[in-house]
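Below, subunit A partners subunit B and then partners subunit C, in two separate complexes.
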Partner chain A sequence: MTESVRTRGSISRRLTLQLAAIAALLALLSWGMIRGFSQQAAEQTQDNILAASVTAIAEELRSEAGQIRLEIPYAAFSMLGAINEERVFYRIVSDGETLTGYDDLPVVQDGEISAGVTFETLTYRGDSVRMAMVGRTLFASERAVPVLVAVAQTRNAVDAISARISRAAALVSVAFFVLAAGLSFWAARVSLRPLTAMAQTVARRGPSDLSPFETTAPHEIAPLLAALNRFMDRLSASLSRSEDFIAEAAHRVRTPLATVRTQAEIALHAVTRDENKEIMRRVIRAVDESSRSAGQLLDHAMVSFRTDNLTRNDVDLVDLVTEVVNGLRPTAEMKDIRILTELSPLRVQGDAILLQNALRNVLDNAIKYSPADSRVTITLRQAGAGAEIRICDQGRGVNGADTATLTERFRRGENVGNVVGSGLGLTIAHEVARAHGGRLDLAPARKGTGTCVTLSLPFS
Partner chain B sequence: MRHAFASILLSAALIALAGAMAAFEVEEHGRFPGTPADGPELRLIGTAELRVFAPLIEDFQRRHPEITVDYTTASSAEIFRALMEEQARFDLAISSAMDLQLKIANDGFARSYTSRETTRLPSWARWRDQVFAFTSEPAVVVISPERFEGLELPRSRHQLVSLLRDHPERFRGAVGTYDVRESGLGYLFATQEARSSDAFWRLAEVLGRLDVQLYCCSGQMIDDVASGRLAMAYNVLGSYADQYVDPRSELEIVTLEDYRNVMLRTVLIPATAQDPARAGLFVDHLLRSGNAANFEGPRILPPLRDPAMRDTSDFGPIRLGPALLVYLDELNRTAFLDAWSNSVEQP
Partner chain C sequence: MRFLLVEDNQELAASIVTRMGLDGHVVDHAAALDAAETCLRCTEYDLILLDVMLPDGDGRDFLSRHRSDRTTPVIVLTARSQVSDRVGMLDLGADDYITKPFDFSELEARIRAVLRRRGGAADNRITLGDVTVDLLAGTLRVATRDVTLRNRELRLLEVFIRNPGQILSKAQLLDRLFSFDAEITENAIEVYVARLRRRLDGGSPRIETVRGMGYRMTVQ
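Presenting the complex of A and B:
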């Protein structure tokens, strides 16, 4: 039945994609954060060591005989060399004059120097450098002299460390994403498992099993299950109403017709005048026609119902054909029609009642359209992966009309003449064949006049 | 080898010519033509005397005969000046003054170079892929056994100070050391020693009282010890001393045990190099020569480390790093030289 349902999208896929997208977002976010933190940490390390260096130098500043004196401590630079191999630049500015160092190192002007360590990132000699500065005021020649100490280092190592951590973080993020995507797929599958289980429960049900589901369902699926149960309840009620109606209709129509026919038979025997006898015969024929039509209508209704809920049982076709033939033999004998059978022992999976009905309708048609004193041949044989029941008569043929036309509801051949019929016989047979996955074919008999109707049924 | 020697022109005329062309002072100049003679040329400048460095160049030419090598000897200060101030065009600068080499690199006047050889160097023997060490040369005391007769050889600076103090008559005017104001290497040794040993300033005082003789270079000091003019030369390059001591065996080399000053001879490719790729070949050659384990060529300069030595800096070489800039700072230099002059030059 699934092939007849139009599907759009998949909850599992959508859930997986959504979870994977969230994972991707988180992975990207974590990568960015690790990158940021590592950059910060690397810069912080460099800032700390630069701060220690400028502080160490600033502490060596002293004033001697009105002069600012300084001996840069060895440790101030050796500590810089201990953590990386960056180039080092420094400048000590006293009262606006470069005391020592690289006089082109751009440092802030005296007015802005602060006693705390300040940092700056700038470009010096074509390289990006990080510079730490600290100010100190000394008294020389009885006046305050502001001194600024600046130490700068290139930032290649910081960038290299950040790049390395960034690469590692990217790898971790990708791994995290792959793992999360896998888990998403699994989670989507697991959370949809109850739904799949329910679908399987429904699919496993027999066609006539309309009892409510007793299985437990997760909170989210419970309403669906309840709705399904209510729907099946209504369907079951509606079905039993139709069955009741069919039975009721059959009863209401057939019983009075039977009474009328009996009464007409009695009247036929009672009347003596030939023209009256003829009238009565016509009445009987009309009643027969009505009775037959009603029967076929009910048959058709029954067939429609049963094909919608096809049950498949093991059916012995020989028994089935024999039974149908025996049932119609009296009718055939009234017209001196001989029914010849040629039966191979074959079995199919299907609804015996439907198959019987179909066969009876075809055979009935054959007898009906056959001239008196002729033959109807029934052949049961294997054809490919199925059984084939062929019923050939010596009647007037179908005059070239095709199968599709003749199997339409209430459609009768153009040369039916005075033969009674509702036009439902072949329709019923056709629908039964189709419900069983088989087909019904009409063809002119190979020799002489007549028609062959072939009912093909696959074994399973 | 033969044609190389033939072309080593040490004539005063050439030196004068080279001196006229360059504003910096050239001590020696040698040219080692390749075959063919008009092939590529590498211009080297170094502190090592031509006689010390020539075998390394000849060995290099055995591998790369097409390369003509031009070698100029200059003092480390002149090399520094040539590269930093005059942007003289040299493909390699090879110097014993680690501090000046480091400053050249720190101030952006050196090129980066990496090869299999450079990456095999221990971390203490290179800086920024720009400065590479290929020898380790300790500072030693060279002693004339003759003048030391009857005295016990000193094993530490303390013993040395006591010895000099106890025999002023014997050592007056007979002890030589670097004039740290002139010699870059002398200044490097002195500053490192001052930083590491409390005996340095006491020794300087004693030397000053004994009218110490000041020299520019290790070679002259060793010559004077050999000739008997000096009883002792303090802080001489061990590598130079070895070359003198072996043939004559008249000189005694003493390594003081309290603190060993080990200089690493370094090479760098200046930013002005014309042919950095071939300069790299020479760097690799020097580094191979510095690796005692795999160098088969003539050994004039000591290797960077003995094969037995592990990859540590246990033997205490002067560390390559920005700390070397500290004593190059003008204020520090002035302060140090003032203190040193006051100690050594006593009225």
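Presenting the complex of A and C:
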């Protein structure tokens, strides 16, 4: 049925994509956060060491005999050496003069120094460096002398560490994303499984199975299942109503027709004047015509109904043909028409009732349009990947009319004379053949006059 | 032959009884299933004509009950044209079915076919002079010679042999064959009468032409 339904999108794909997108966002966010934290942590570590170093140097500042003196403690640099092979710069400035260290290390000018440690990131000698500064005020030569201690260290290691952590974080994030995407696909499949199962249950059903679904369903799908069951129920009720209607209509139409026909026939025997007899014959013909039409209309309604819900079973064509022939043999004998059969044992997958109906209509036609003392031959044989039932009569032929025209509803040949018919017989046979994937063909008989109707049915 | 007709439609039943009487058959009519049971207990029938929808039950139930203890052949008269219904009837043991409204000639043809399959009825032979016709088998015995008749010849002969000495007009004979072929003409009657004369050649009954009136069967 999928081919007749316009599909748009897929819940499963949409769900998977949405979950994967969320996972990607979370992965990106976690990567950014890890990267940020690691950078911050690395910088914090460097800052702490720089602060310790600069404080240790500042603690060694002394004023002796009006001079500022300083003995830089070894530990102040050794602790900095703990971080790889960074280059370390320092400068101690007193009263605007460099006491020791790198003259060009740019430090904050006097007056702005603070007793607390301050940090700054700057570029020095082509490298990005982190600098810690601390100020002290000493008494020398009876005045307060501001001294600024600055220690700077390159940031290569910090950058390397944060790059490494960032790479690791990226790897973890990608792995997380792949896993999350896989899980989303699985989750989508699993949560849609009841829906898929339901679709399969519906698809597996035979076309005439209209019983309610007994399967349990998650509560989100339960309303759909309930609606489907209600629909099946209504459909089944309406179908059985229409079947009953067909049977009832047949009964209602045919019983009074039967009475009229019987009384007309009695009257035909009772009247003596030729013109009255002719009138009665016309009445009987008219009744026959209406009853045939009623029969074929009902047959047609039944055929339309069954072809819409085609159920295929294994059908033995020899049995089927024999049964139809036996049913019509007395009718044929009335006109001294001999029915000859030549049947190869063949079976097809199909609806036996429909096939019988089609065959009965074709054979009935053949008998109706055959002259008295003639032959109707039925051949059942294999033709390619199917069975072929050919019914040939020695009747008046179809005068070159094509199959398409003669199988139209209510269409009768142009040379039917006063033979009773409604023109639905071949339509019925044609529709049955088509429903089975086969075809109905009409052709003039090869020898003499007459018509051959061929019903071709594929084996499956 | 003696038939039992089980049919609840009075008008239809009355017409069937009358029409079959014209062909020399005796028909007892039962309007419901219990009446049918009563008839069956009293008389032997050659055949039962059974309607499906009856006021006191379904003809199909009657059929399956009937089949368990009797062998009388049954032809179902049905207004339902569905093949499934017909197949169901045959499965339940009906010998044949015919859809209403039916052609009496077709009904007779079916009755004969059923009786032929079942090995005949009590009186399927009619004798006139040295000619005996078997209406079921369609055979004719003229003196010591056996002849097989075609169906329409047989039906025409039946009219003659049932009404010996009576003048039958072409129109009356046409009535007899009318249902057999809607296109039959009075000229065809002449053809069939000629054929019948050849078939009867050498026997004592003869078909005479009564100028301007029709034909008459006489025995020499």
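Going forward, the second predicted complex is superposed on the first by the 423 of 460 C-alpha atoms of A that agree within 3 Å, B and C clash if a C-alpha of one lies under 4 Å from a C-alpha of the other, contacts with A are read in each partner's own complex, and residues count from 1 in each chain.
Here is the rule we use: contacts are C-beta pairs under 8 Å (C-beta built on N, C-alpha and C of every residue); 3 or more make two chains touch, one makes a residue touch a chain.
Remember, it's a predicted structure, so these values are computed and weren't measured experimentally.
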item: Which superposed partner A:Asp373 touches (first subunit B, second subunit C, both, neither); value: second
item: Partner chain in contact with A:Glu275 - subunit B first, subunit C second, else both or neither; value: neither
item: Contacts of A:Leu99 with subunit B and subunit C, given as first, second, both or neither; value: first
item: Subunit B versus subunit C as contact partner of A:Ile246, first or second or both or neither; value: second
item: Subunit B versus subunit C as contact partner of A:Gly81, first or second or both or neither; value: first
item: Subunit B versus subunit C as contact partner of A:Met302, first or second or both or neither; value: second
item: Winner by number of subunit A residues touched, once subunit B and subunit C are compared; value: C
item: Partner chain(s) touched by A:Glu64 [first = subunit B, second = subunit C, both, neither]; value: neither
item: Which superposed partner A:Glu214 touches (first subunit B, second subunit C, both, neither); value: neither
item: Subunit C contact footprint on subunit A (complex, rising order); value: 246-247, 250-255, 257-263, 265-266, 268-269, 272, 274, 277, 281, 284-285, 287-288, 291, 295, 298-299, 302, 327, 329-331, 333-336, 353, 356-357, 360, 372-373, 417-420
item: Residue ranges of subunit B touching subunit A (in the complex, touch as defined); value: 105-108, 127-128, 195, 319, 321-326, 329-332, 335
item: Of all residues in subunit A, those that touch subunit B in their complex; value: 69-78, 80-82, 85-89, 99-101, 125-127
item: Complex contact set, residues of subunit C against subunit A; value: 9, 11-12, 15-16, 18-19, 22, 53, 79-87, 96, 99-106, 109-110, 112-113, 150-152, 171-172, 174-175, 178-184
